[in-house]
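The following blocks contain the structures, represented as C-alpha cells.
Both complexes below contain chain A, partnered by chain B and then by chain C.
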Partner chain A sequence: MNDNGCIHLSNFKAAKGTNPYKIVHAFFVSCTSFEARRYKATSCLCFACGQPGPRMHSCLHCIYFACYAGHIQEHSKSKKHFLYVDLSYGNVYCTQCQDYIYDRELTEIAMSHRLKEAKSLGISAPFMPWLPNTNEALALRRLRKRRLISPHTTIGLRGLQNLGSTCFMNCIVQTLIHTPLLRDYFLGEKHKCKAQGTGKCLVCEVSKLFQEFYSGAKTPLTLHRLLHLIWTHARHLAGYEQQDAHEFFIATLDVLHRHCMNGVEDTEKKENGRCNCIIDQIFTGGLQSDVVCTSCSGVSTTIDPFWDISLDVAGPGSLQACLERFTRAEHLGSAAKIKCSKCRAYRESTKQLTLETLPIVASFHLKRFEHSSQIDRKISAFVSFPAELDMTPFMSSHRRAVDVGVDNNNAPEGIFEDNRYSLFAVVNHLGSLDAGHYTAYVRQMKGSWFKCDDHMITRASLREVLDSEGYLLFYHKTVLEYECDVS
Partner chain B sequence: MTVNNTIAHQRLILSGDRERFKELLRKRLIECGWRDQVRMLCRDVVKERENSDVSFDMLVNRVTPRARALVPDTVKKELLQKIKTHLLTQKDQ
Partner chain C sequence: MSTIVSELSMNDLNNKFFEIMQSESNAEEAANFIYDSVFDDVTVGFLFEFHHGLKTGLSDLLEGEKEDDDVYKIVNTPECDVFGFSIMKKTPDSNCSCPNCERPVSATRFAPHLEKCMGMGRNSSRIASRRIASNSREPTSYAGLLSDDEDDADWAGGSLQSERRKRRIKNNNNRKPNKLHNGNNRNNNGNQSTDADGGATYETMTANEKKNLLLQICGVVSEHTKKLCTRSTRCPQHTEEQRRLLRNTVLEPSTPESASMTGADEAGSPPDSSPSSSCSSSSRKRDRHRPPPKMKNKRERVSPNDRD
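The block that comes next holds the complex of A and B.
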C-alpha cells in the first residue's frame, strides 16, 4: 500500500481528472441519491461471471464491473485498463502495482459522498477521527510534555473543601466535572466569552475549574468564587444552611445556560426555536404529554423541555419500575376535568407522559424528601438502579408502536435506534432530613469509580455504587451519534 | 445466490437499509473493541515483515481468519436477529 499514489493513477488523473472516480463513487459505492441506489441495487454484478462478488470492482476507465476472483485481472490484460474502484469501500486498486493506492484527493471525495449518503438516509454521520490542523500540529510539536492515561491514573480527581454545609455543592460539582461530554467541551476550550475577565460569568468559572481538576495537583480545592457566583445569580440558594443538592443542580444548569449566551450573537442563539448552548445540547430532553378525552378519544399533545426527571419512590423497587410508572397512562378522574377542544366541553380524560427526545445526559431525581403541611420526612426505601439502562421502552415512538399493535408493524423503525445509557454519577444523601450529608460516586473512566466525600476521594467498586441508596442518578448516552454537517 | 436472495438484497440496497445495517454493524464492532483488535493484528503482520513490502492481499489473507473468529457472538446474534425481523416484516407489505 502506497501513501504517495502511483504513476498510473497520477497519469490517469492528469488526463481525465477526478470526475470518473466521482461518478463511480456517487452511484455505486456511497449512493448519494435514491436514483443512485436504484442503479446500485440492479447493476452491481460481474460482467464476466454474473456474480455479485467476491469484492466487486468497477473499471475506472470504462465502468466495467468485475469481481476480484480473476475478472478484473482479465479485463486489465485485454483492455490495458489498470485502475479499479472497490465498490464496497471505494478504494482504488491498480493492477500494474497489484495493490490499493491511497490518494488524498480521492479520499476527500469519498468522505464527502459518505456524508451525503448518511444525510440522504437520515442516519448519523460516519465517525471521523480527529486530525490536527496546522496550528494544532505546531502546538503539539512545541509542547513536548505528554500524559499517559492508564487504569491507575488519578488525573481529573480532586477533593473539595467543605465551606460549612456546602457538601450539596461539592457533590454536584463533582458530577459536572465527570460528565464526559461537558469535560470534552471545557478541556477543548470551546467557551468563548464576551464577559471574560469580569469574574461574573459562571461558565468561565467552571472552565477554570476544569483546568484546576486536570492540572495534576492533588490538594483539595476551595470553591468560594463559584459559591459566591451562584449566590448572586440564584438568590434563593444564598445563605449558610444546607441546601438540597437537586435544587442546586437545576439552579446551576439554569445559571450556566443563561451565561452561555454571554458570548453568543443573537442570530446564533437558536436553532429551530431551541437553544443550542452546551447545557441544552447535553441536558435537555423533550417530555411529551398526551391528554386523551374519554368521550371523543381526541388527543392533545404538548412537548415540554426537561433537564431531569423526578420519580416517586414509594412502591416500585427499581429505577425501571419507577420509569414504567412515570410513563403509564393515568386517569385524571372526575375532579380534574379538562376542556376538550373537539367536544368544546369539560371532559374526563387520561394523561400519559413519554419521552419524545432523550438528552445526552439523563438525570433522575428520586423523590426521597416528602414535604407536606403535616410532616417532612425522608423515604429511605431501596430502589435498585442498573449500570446500563435502555430507555427505549419509555420513548413516545415506542409507546405509539405498542399501542398500534404488532400487525401494523412500526417496530423496524426502532431497529437502528440506540437508546442505551451508562451510569456515570450517583449523588447520595446520608442521615436524616435535618442533619444530613451529601456524597457523590463518580466514574472517572470505564470501570473506574471513586467516592467523593468533600475533600476525601477514595476508590470505590461498581457494586458499592449500585448498592448505595441513590438520590440523584446520572446516565450518559453510551453511543453518541454524529450530526451530518453538509449543506 | 438464488432469485429470492437477489431480490431481498436489491430491496435492502434500494431502501438504504443495507447501509443502515452496515452502519449498525460498524458501530457494534467499534464498541466491542473488535476494530482495535484487528488493527493490532494488522500491525503485528506489518511488523513481522518490516523489511519487505506488505500488500493488501497478503494482509487480508493473514488477518481475515483470525479477525472473523474475533467477532463476538452477541454481535452476530443481534445483527442476524434484526435482519431476520426486518426481512420478515418487509415481506408482509
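The block that comes next holds the complex of A and C.
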C-alpha cells in the first residue's frame, strides 16, 4: 500500500520534522489534555471571517486557522504555504498535489493522540481500522485470494470424531471455536508462544484447531492430542467414563488460562493486579457478595472472579427468572450467624449476590443434575432462554439504584452502559443420567445456526435452538467497547 | 504554545453562552448548528476513510480476489449433513497416534485407550502398581509406562500390531484374573518384578521416590489390604484429609517438599489463581474466596458423574 505522503510533504518533514503536525494535532484535532481542549474551544475560529466553519483547517507552516470555504486556500496561495491540516480528522491537504495525502508516520502520530484523547476524557478508546504493516501488506499483495465466511458455505464448520464417549469435549470445543472474540484472537494469530512446537501448549493446539475449522476441509477432526493435553494438565478429569461438559469447560478454560502465560514476559502478565490473558479478558466477570448485618445494617462486600454462573432450575421457568432469584437478597437465618465486624458479635444477616463486572462471554450452567446421598436425578424442567438478553437488572450498580429508590430513568450509574448479550451457543444433554449424549447448537454468524452432533453438522433454526432443553448457555456481549491501554 | 492568544477568555465564553441561550430561538438554532456539525463531521469521516482506502491502495489489498467457494457450498438435503455426508452412514473410523505411547490407536476407541494408557480409570490401579514396581520414573511423564497390551483391544493396523493381535487372540481364550505375567511376551520389560501388585510399600522407597510417586497417585494405605491406593491424586475413594495425613506421615522428614506437593500439577504453575470454579456458592468454592463464608446450600453445585 502507498501511504508515504507526497514529495512536498517529505521535503517539509526533512526541513521541519513532524513537530508542527504533532502540535497542531495534539491541540486542535485530538485534544490530549484539558489545556488543549481549552485552546481548541477558544481559538478554533477562521482568522479571516471569524466563523467556526465550515471545515476548519490549520496551516502547517505557520499559525493560521481558516475555514474551507475559501479562506484557507487564500492563505495558502498568498503565503505559498502548501500544506494544511483538517482539524476534524487530522488529514493533510497538499495544494501542489491538489488532494489529501496520507503519510504513515503522521497517521501513527494521529492514532496515538486519539488514544491519549480518549484516556484524557476517561472514555473508551475509539475504533481504529486495522492498518497492515510493511510485511503484512506484502503478504496481502502476494496472496490475493480471500476466503469469505458466508452463511452458504461450510467454512468455519467441522465435524468432530467421537473418541469413545467424548461428546462432552466435542460440544465444548464447538462452543469455543464459535466464540466470536476468541475466533478473532486466534485467526489474528495473536498467541505468541515460547513453547511453540513442543506440543505441550493447549493454546497452540486450539490455535491449530481454528486453522483446521477454516481450512475448508470436510472430514471430521480427531481431537486426540487435545484430549491428552487437557487430561495431562487437569488430571482430576482423566479417566471418568463419561464426563460432565460443564466440568470439562471450566477445566479447559483453566488450562488455557495457565498456558496463555507461556509466551508472556513476567512484567506484562498483570495489569492492575488482574490477569489480562485472552481467557480472562473474555470469560472473567466479577461477582459481588453483600452481607448485611440485621442488627446494625453494616455491609460487608466482597468481589470474586467468576467464569460462569450456575443456576438452580427447579421452580423458575426462564433464564431471567433464574437470574432474578440468583441475585435476590436472602435471609441467612439463625442457624447461620456471621460475625459482624461492626457489632463484634455473631448476627443474623442477609446475603445478596450481584454482578459487579460482566464478562464479554456470559456462560450459564443450568443445574440439571442433582446428586445427593439419597438420590441422583436429572431435572428436565423447561427453562426458556432468550436470543437477546439484557443483563442490566442483575448488575450491582442497578440493584443499588433500585434499593435506594432512585427512579430508573435517572439511574446515576451505568446508564450509558450497554449490557445487551446475544446467544451464540447452547450445549444440550440428551437422555438420562447414566446413558446420555451431548450435542451443541452454535451460531456461525448472525441468524445462521448449526447443530453439532459429534461428526454430524446440520443446519438448525433459531426456533429449534430456543426450544431445546438447554444445559449450558453461552451469550456474547452485543456491543464491544475498546479498552484504552495507553500509559 | 505561549504564542497562541485566544480571542476570548473562558469566562467571556461562558457569559456569552448563557446570554445567548436565554432566547429560545437561539437555543434551537444552536441545537440545529450542533446537529449539522456532528452530521458533517461523521459524513466527512466516512469520505476520508473511503478516500484513504482508494488512494493508498488499502481497499484493494484487503479486498483481494474472492475465492471460488462453490466447493464449500452447504449441502441442503434432508438425508445429508452440511458437508454432504449421509446422516445414516457411520463416519469411517481412522487411526490416530497416541500422544502418550506413540502407538496407532483406533480413533473411536481413543478415549478409553488413553484412560488406561495414562494410568487412570478402571484398570489404572493395576497398571500403576506395575509402575511402582518398575521403580520411580519421571514425576510427570507417563511415557515410560509399562505396556499393557494383552488387555488393550485398541491397537489396530501396522505390522507390529498384527503380531500383537495374534497374540491377543491366542491369549483371549485363557483370560484369567491373574493373567498378568507371561514372561515370554513381555520382551521389553523383562526386568519387571513378578509380585508387583502387593510389593510396594513406603518403607522400601527413598524420599525422592516417595515424593515422585505421591505426585502421581493417591497413595492412601488401605486398612484391609495394607496396599497403597494407586488411583489418581483426586481419587474419590479417599478424602483430601486422608491424603494430607498420609503425606504428612510419609514425607515427614522433608517438610518443605510436602508443603509444595498438594497443589503441584506441573512445572510452571500459574502465576495467578484463576476463577476455575463456578460462581455459584458451591461446596467446592475455593479457599481463596474470602469471607463471608459460603452457606447457600441451595446453590450446591452438582453435575453428572460428579463423584467427589
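The working rule: the second predicted complex is superposed on the first by the 356 of 487 C-alpha atoms of A that agree within 3 Å, B and C clash if a C-alpha of one lies under 4 Å from a C-alpha of the other, contacts with A are read in each partner's own complex, and residues count from 1 in each chain.
Just so it is clear, a residue touches a chain if its C-beta (ideal position, glycine included) is under 8 Å from a C-beta of that chain, and two chains touch if they have at least 3 such contacts.
Everything numeric in this text was worked out from a predicted model, so none of it was measured.
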| item | value |
| --- | --- |
| Contacts of A:Pro126 with chain B and chain C, given as first, second, both or neither | first |
| Which of chain B and chain C A:Tyr100 touches, first, second, both or neither | both |
| Contacts of A:Ile338 with chain B and chain C, given as first, second, both or neither | second |
| Chain B versus chain C, judged by how many residues of chain A each one touches | C |
| Partner chain(s) touched by A:Arg37 [first = chain B, second = chain C, both, neither] | first |
| First, second, both or neither for A:Lys351, with chain B first and chain C second | second |
| Partner chain(s) touched by A:Leu140 [first = chain B, second = chain C, both, neither] | second |
| Partner chain(s) touched by A:Met111 [first = chain B, second = chain C, both, neither] | neither |
| Contacts of A:Val479 with chain B and chain C, given as first, second, both or neither | first |
| Which superposed partner A:Leu187 touches (first chain B, second chain C, both, neither) | neither |
| Intersection of the chain A residues that touch chain B with those that touch chain C | 1, 38, 41-42, 99-100 |
| Complex contacts: residues of chain A adjacent to chain B | 1, 31, 37-38, 40-42, 51-52, 98-100, 117-118, 120-121, 123-124, 126-127, 409, 411-412, 415-416, 418, 478-479 |
| Interfacial residue positions of chain A with respect to chain C in the complex | 1-3, 23, 27, 38-39, 41-43, 45, 53-55, 63, 86, 88-89, 91, 99-102, 129, 131-132, 137, 140-141, 143-148, 150, 152-155, 157, 159, 161-166, 199, 216, 218, 220, 222, 224-225, 227-229, 231-233, 235-236, 238-244, 246-247, 250-251, 253-254, 257-258, 261, 266, 269-270, 275, 280, 284-285, 287, 289, 291, 300, 302, 304-312, 326, 330, 332, 336, 338, 349, 351, 353, 365, 367, 369-372, 378, 429, 433, 436, 450, 455-459 |
| Complex contact set, residues of chain C against chain A | 1, 3-4, 6-10, 13, 37, 40-41, 44-45, 48-49, 51-52, 55-58, 61-67, 69, 71-74, 76, 81-85, 87, 91, 94, 96-100, 105, 107-115, 118, 120-122, 124, 140, 232-234, 265-266, 268-272, 274-282, 289-293, 295-296, 298-299, 301-307 |
| Chain B - residues contacting chain A, complex | 1, 6, 9-11, 13-16, 19-20, 23-24, 26-27, 30-31, 54-57, 82, 85-86, 89-90, 92 |
